[in-house]
Each structure stands twice: as C-alpha cells, then as structure tokens.
Amino acid sequence: MDFLSLFVKDFIIQLQSPTLGFLIGGMVIAALGSQLVIPESICTIIVFMLLTKIGLTGGIAIRNSNLTEMVLPVIFAATVGILVVFIARYTLAKLPKVKTVDAIATGGLFGAVSGSTMAAALTLLEEQKIGYEAWAGALYPFMDIPALVTAIVVANIYLNQKKRSKAAAVNSQEQPSTRQEYRDQQQGDSKVKIWPIIEESLQGPALSAMLLGLALGILTKPESVYESFYDPAFRGLLSILMLVMGMEAWSRIGELRKVAQWYVVYSVVAPFLHGLIAFGLGMIAHYTMNFSLGGVVVLAVIASSSSDISGPPTLRAGIPSANPSAYIGASTAVGTPIAIGLCIPFFIGLAQALGG
Amino acid sequence: MDFLSLFVKDFIIQLQSPTLGFLIGGMVIAALGSQLVIPESICTIIVFMLLTKIGLTGGIAIRNSNLTEMVLPVIFAATVGILVVFIARYTLAKLPKVKTVDAIATGGLFGAVSGSTMAAALTLLEEQKIGYEAWAGALYPFMDIPALVTAIVVANIYLNQKKRSKAAAVNSQEQPSTRQEYRDQQQGDSKVKIWPIIEESLQGPALSAMLLGLALGILTKPESVYESFYDPAFRGLLSILMLVMGMEAWSRIGELRKVAQWYVVYSVVAPFLHGLIAFGLGMIAHYTMNFSLGGVVVLAVIASSSSDISGPPTLRAGIPSANPSAYIGASTAVGTPIAIGLCIPFFIGLAQALGG
Amino acid sequence: MDFLSLFVKDFIIQLQSPTLGFLIGGMVIAALGSQLVIPESICTIIVFMLLTKIGLTGGIAIRNSNLTEMVLPVIFAATVGILVVFIARYTLAKLPKVKTVDAIATGGLFGAVSGSTMAAALTLLEEQKIGYEAWAGALYPFMDIPALVTAIVVANIYLNQKKRSKAAAVNSQEQPSTRQEYRDQQQGDSKVKIWPIIEESLQGPALSAMLLGLALGILTKPESVYESFYDPAFRGLLSILMLVMGMEAWSRIGELRKVAQWYVVYSVVAPFLHGLIAFGLGMIAHYTMNFSLGGVVVLAVIASSSSDISGPPTLRAGIPSANPSAYIGASTAVGTPIAIGLCIPFFIGLAQALGG
C-alpha cells in the first residue's frame, strides 16, 4: 500500500502544479460556459516562444556537451525517443476505436522527457550515493526532440495516406480496378511521398521554431536572451497555453468516453516498457563504454517519463487534429505519477541488484 | 495649509507614477493626433493577464490566511466593498446628467483597494507604534474583488433593464396598457432576470479570468508562475493598458464637461464616508473579537482608498460602455490624494483618540 | 595583419550575438521555405515596446543629466546625428542604382549609436587611464534619437516628393507647360509641404512611441516599470523582431546584388568620416569649455558606431519601404566591426597624440 499512497500523493502534487492546474482550470471554465477567449495571434506567438525556448535549451546543452564521450548514450537516447512513437503507432493506435493521430501524439508525449521527473531521479541517485556521469542530464534533449519530431512526421504521413486513400477510393469507384492493383499503387505512392511530408513537417511552424532554436543554441551564443527572456517567460506562457488547451480539451472530452480505458492501460504499461528498453540499451553502453549504472538509471527514467512541458505546445502546433484530452490526460494524469512514484524506485533497485 | 501642501505634493507624485503617467501620455498623444494603435488582441491578453494576476494574488492570500481568526473583519471588508458600489449607484448616479454606468464604475473603483495607500497606512502605523494584526493587510482582496464583481453585476443589471424598458416602451405603444400594469410587468421581469445576469457577468471574460485566478490561487500552488511571470509583468502590462485607456479617455473627455464638478464632490466626500463606515464596523470587531485598533485603521484606510491598479483593467473589460475619463479621473486624480493625504492621518487620529 | 585578425574576430562575435543570430536565422528559415509566421499584431506590440523603451532610456538619462554642464557636447552630438543622415542622403543615395530610401535608412542606422561599441570604448579608455567626464556616456541618446527622427522625416519628405512629382508628371502630360514652370511649381510645393510631413512623421506609430517614452522618461518617474518590464524584455523582444526582419530581408536580398559593393564602401568609410567630424567638434568643446580629451574620444566613437539595437525596429516601423537587408547588413556586418576594431584604437591614438 506504500506504493499506492506514494502514487496518490504524487497525483495530487501533479494536480496542484501550475501546468495541470491551468489545464483543469480551462476545462472547468469551458464547462461553466465562460466567454473567455485567448486571441489566436497570442497562441501563435506563445507557441513560437515555447518551441524556440525548447530548441534553445537543447542547442545550448548540445554545444556545452562533450559529444565524443557521450556518443553511444546519445544514440540510444534518440533511438528510444523515436522507437516510443512507433510503439504507440503499432499498439495503442490499433486498439478498438482509438484514433490514430491521438495515439501518435500520445506516443510523442511519452517519448518526450519530463524535466521534473529526471530531476527527481537525479536527487534520489545522489541520496543513495549511486554515481552517474555529470553529463547524464544532458541526454534530455537527445530523446525529447527526436520523439516530438518523429511524432509530427508520423502523424503527417498517416494523415496524408488517409487523405489519398479516400481520394483513391473515390477514383476506384469511377475506374474499377482489382484490389491488388489499388494496394500496389497506394504503396508506391506512399513510398514516393514520405520525403516531401518530412520536409513539409520540418517547414511547419512548430518544427521550424524548435529547430531554429536548436541551431541558434548550437551555433550562436544566445545565452543573454535565453536567460533574460525565453527561460523566465516559459512557465508563465505555458500556463496560458495550458488554459487554452484545457478549454479545447473540454469540447473534445466526449470522444474519449469509449476509449479512456485503453489510455489508462497504455499509460501504466508504457513507462515500464520504455524504461526497460532504455535500461537494456544503457547496459550495452555500460559493458562496452563503461557508462555508469547511475547513468543507465537516468537513461531509463527519462525514457519512462512523459513530457508535461515541451510536449503539449509542440503537439498542439504540429498535430492540430489530435485531441489534447487524450494525450495530456494520459501523460500528466497517469504517466507522470507512474514514472515518478513507481519507475524511479524500480530502476534504481534494478541497478543496485545488477551492480551489487 | 499643511494639509493642502501635503495634498498637492501627493497629487504630483501620483501624476509622476507610471500608472497615471502612461494614462496622461495616452491622452496627450491622442490629442496630438498620433496614429499609434495597440492591437485589440494585445489588449485582450493584457487584460487577461492582469485579471488572472489580481485573482491569483487574492487566492494565494486567502490560502495563506487563517480565516477563522479573520472571520468578522473579512465579512466587514466584503460588506464595505459591496456597499460602496450601491452608495455610488444611489447617490452619484442620481446627480443631474451623470451617466449611471459611469457612476457604477466609479463606485467599483472606490470600493476596490489601492495597495500603495494601504502600504502608506501600514508604514505610518508602525512609525506611530500602533499595533495591528499581521494579517490585516490580507483583508485587501476581500474588499477589492467583491467591489469589482458587484460593480460589473450591478452595471449589467442596469444596462439590461434599460434595454428591456426600451423594448417595453416600443411594445406599449403597439399594445396600449395602463402604466401600472407595465411597471408590474417590468418589475416582475427584472426580478426573474437578475440571476441570469449575474451568471452572464461571471461568464464574461473579465470575471472569468479573475475568478479563475482566485480559484487557482486557493486550490493549486501557482506560486512558481506567479512569481516568475504574472507578478513581474503586471506593472509593465498595466502601463500599456493605461496608455490605451488614456487614448480612449481622450475621445470621451468631452462627456464630462457638464458633470465634472459632481465627480470632484463625490471623490472628496466618498473616501471619508467609506472610511467611516468601515471604521464603525471595525469597532464592532474591536469590541466583540478584540480586533486591534490598528487593524480598525487598516480596514478604514482600505475602504477610503480607491484602486489605481486592479480596477481600471477590470472595469474596462467588465463595463466597456463606462467612460474611463470619469472613473479613473475621479479615483486617481482626486480620490487617491485625499485618501493618502487626509484620510490616513484622520483615521489614525481617531483611533488614538478612542484608544487613549 | 593584427588589424585584420581583430576585425575577423569581432565579425564572428557579431555573427554569434543574438541580434545578428536571429536575423540570419530568419533568413535561413525563409530560404528553407519555413511556414513560420509571427502575427502582425505581435510585431506591432513588439515595435511599440522596443521604441517606448528606447525613448524611456533616453528620457531617464536626460532627466538625470546636468544639462548646463553638457550643453556644447550635447548640441554637437545632436548635430552629428542629424548630419550623418544628410551625408548618406547626398553621397550613398546618389551612387548608381542605390535606392534612396535604403540609403537614408542606412544613414539613420549609422547616425544612431551602438551601446556595446560605446561600452568597449569606455573600457579601453579606463585601461589606458585616459580621463573622461562621468556624463560622457549620457551623450548617447542625444545623438541616437535625433538621427533616427531625422532619417524618418527625410525619408518621408523624399517619398512625398516622389509621389507628387509622379502626379505632376501625369498632370504635365495633360496640360503641357515649360519645364521651368513645372520645376518652380514643384519646389514651391515641396517647401510648403515639409512641415506637414514632419508633423505626420512625428504622429506615426514609430516616433509617437519613442517620443512618448522620451517625454515620460523626462517628466515622470517610470523607473519601476522600466526596470521590471521594458528593460528586461528588450533583448528578447528584439530577437523576435530580428527573426521577422531576417525573413523579410531574405525576400528582398536580391535587390542588393548590383549595389552591395557601394554599401561595403560606405560602411568602411562612414565610421571614420563621422568619427572625424565628431572629433573635430569635440576639440572645439575641448578648447572652449575644457571638455576632456577622453570625452572627445567618446563623442567620436559614438559617431563612428552604428546602431544594432535601437535602429532596426525604429526604421522598420518608420520607413517600412526601406530594405532591411541593406541597412542592417551594412551596419551590423561591416560598420560595427570597423567601429570597434579600427575606429576605437584610431581615435584613442589621435587623442593621445594631441594630448601628449
């Protein structure tokens, strides 16, 4: 019962955090019929600033990292981030009545990283005197950004295929052909079309801003504007966006009535699954490159965690058709408490068992 | 003459404050034909942020208060805040040619509280070694928010009655009826209609944002976004809004030509009247609950004070048809210097006379 | 080769500064076909805040200055600021294929002042133990603001003359007249029309905001909002605007293909020329008013410097038809490295030669 009380305690702390507080606040005032409106131009600039900040954070971290030392963990972090999206695409999305874009967006959030979950793990490792590399925390952006980019690209590929298979269906009624021919044609088309869709995703406002921030963080010295502007404004701007997303989520919460249980199952299982994959890859780095066991735990925990900060604004701008009630609900209401309350002690225990 | 020189000195300090400085600046550039325009979407988000901040401030203060200890002063503070609006509704609004919405908005501002006036009183009490409860300053939101909510609701009820009496006048010409019948019908209607209007007022953007902030301040822990975002941005955003309100006020200043003297009379009398009512209620708490005499002075001073900070943005959004030249002019140009320069020494003297 | 390596080093530092970094970032994402859009209402408020801040900075500096002591250097600073615009108007603008508005805007930027160039000079003077008046740094706004105001007014006069000479050309075809008559008429008209154009320029959003800030800085006490809002937000807001200007500049960079060499020549020669004029005027103040040789160097360096901060947002709003690739390219990519790397040591050497 200790686990459960920890879980409940963390769940309540999550509910009281400004991020979730403003989200629920938005849902409540929408439910009460408030006429509050945040102008669209304001949402646009807020999303721009949030994503630029996320990119800058990653870029500055990368510039200050010694990449040669980190190479294998970095590759594994990016691999896990991308893999998590595909896992959601081929598990959660296949469950009955779950909408594919909602599942991909949820996968994106679970692939992205929660800074506060990672901070909790680092604190615990120090308390337990388990050593880890000083740069382990800098693995963050290498998992976060690939996961979000992958989610947006995969969602756009899916939406494009759907659109063209609809168009093809209309065509096929006009000019009847065998089913086999049609499938071949569609596969041929979809192969041809993947690169333009990736390009288009990268040119979209969400990924443009994030990758611009990343490039500026790596190539220039934006610390002065980062510290005086983008970083201090981040949480406040996020609170406004969470309010907007709460109001949007309220109008779409009904869509979840028949599928909520699948999101709960996914949100309980996914943190362990993702963490175990990362733990396994981390052990490879442990045996080949002498990556510390504490570092392996950090890698596993950031894989377990799901983003409550960088994810929502990115996905709102990048996959506007996905339902925020689904992905934010799954991530912040279930995934984060599981990751903090259960996965952190689990992976620390696993490392101690293997190390001792 | 000492009183007059104090008044003039404080008047000049008020004129130099950013709040009034930007307001007058807006009037001057409007008078000079400037083509400066602040986009409407910017005004919307500024008002949202200011009102959310006002609500958060109140909510956090309430969460950190020991309400059982404060119960009677809290009830009295709210009572005075509400009462002040009704006093303006049935005195200032009845004066010849004074517009009713302008009078109600002015009452709202005089019911709301000025933080700097309260701070001046607390400083003086300390200098004179008059004891007061540590939580006396936390009475602020309990008078501020009820006054502003009441003003918006009362104004909406008035505007609604006016609209429906116009409609009724049109109807009565078509289907003649005795005057008595018409009055009965209207009264019946207005009774029926008050709750929907209150609901509608609360759903409006101004009160939605303020009450959302209040609820989040009480129920969640928004301190991190409050301290990093809403609080530091407050005065700067207010300065932009004051500029806009100055430009708006300039175009409507002509409306005041024939009624300005009534606003001056009101602004001189009201601070003393409101302060005395609060002083009297405070003395009840002094005799029944052992509320300190210093606390009674604080209650009287916040009742004397009129808001230059929380009021203008709230009323601009909540009672858009009211003339800002009227309510801001009355409050900041006359009411605040009177409250600081005359009411504070008066109520401290009164407390010393009663206590000695 | 030492000069060249200093120049190259400073050029790279410039490229890594957030100002130029975001500008180039904007050009790159525009070139890559990004669909990122910053809403126009956001650009409007950013420009308003930047220009208000520039005005406030100047106004506060003027209020805190002892103008009687500074009178001659102040007059010389303003004279140089205005003169620089006219020099560009009658040299750069007359070069083949150079657009007149682009040349005027470039002159405005070179007349305006770079705070970081001035700071570099002050540091070097201290290192070399050359004395200068404590208020020498406060000469900044007296050159900066007149230069930008002059550039906007001169550009508006030019654009107005062009419009009316076009209209006149159409008229003259309809009602034939001698060339002499037409010229007389045009000159008469342009004389009559200068004051309305100056008035119109001052009423435009750019100069309204800047002069409002200036007046509020001089007449009121806006330090609280300046320090909590306008100053800390400045560099961040500027970074967003530079991104927008980079995207705008990209679409117009082709215009520069045939004239880029003239901008390079101007940007190399102008810092020395402007600095020498200011140095000469400074020497007059040295002999008549005992203005220190260190102060003369400061005056010369701020004349050499070109604005990378106050200039771009002012000119974008004040001369929207000017090409930002031209004026920002000339100023930040060539002018600033020349001013820092070559002019500062040159004028310090000159002062030492004259003083020794």
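A, B and C label the chains in the order they appear, each numbered from 1.
Heads up, the rule we're going with is that contacts are C-beta pairs under 8 Å (C-beta built on N, C-alpha and C of every residue); 3 or more make two chains touch, one makes a residue touch a chain.
If you want to know which protein each chain is, UniProt gives these names: A, B, C = Sodium-dependent bicarbonate transport family permease.
Treat the numbers as computed from the prediction; the structure is a model and nothing was measured.
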{"item": "Between chain A and its twin chain C, rotation from the CA superposition, multiple of 5 degrees", "value": "120"}
{"item": "Numbering shared by both copies at the chain B-chain A contact, with half separating same from different", "value": "different"}
{"item": "Distance from the mean Cα position of chain B to that of chain A, given in whole angstrom", "value": "45"}
{"item": "Residues within chain B bordering two or more other chains", "value": "39-42, 233"}
{"item": "Residues of chain C touching chain A in the complex", "value": "15-18, 21-22, 25, 28-29, 32-42, 232-233, 235-240, 243"}
{"item": "Touch list for chain B against partner chain A, complex", "value": "39-42, 44-45, 48-49, 203-205, 208-209, 212, 215-216, 219-222, 224-225, 228-230, 233"}
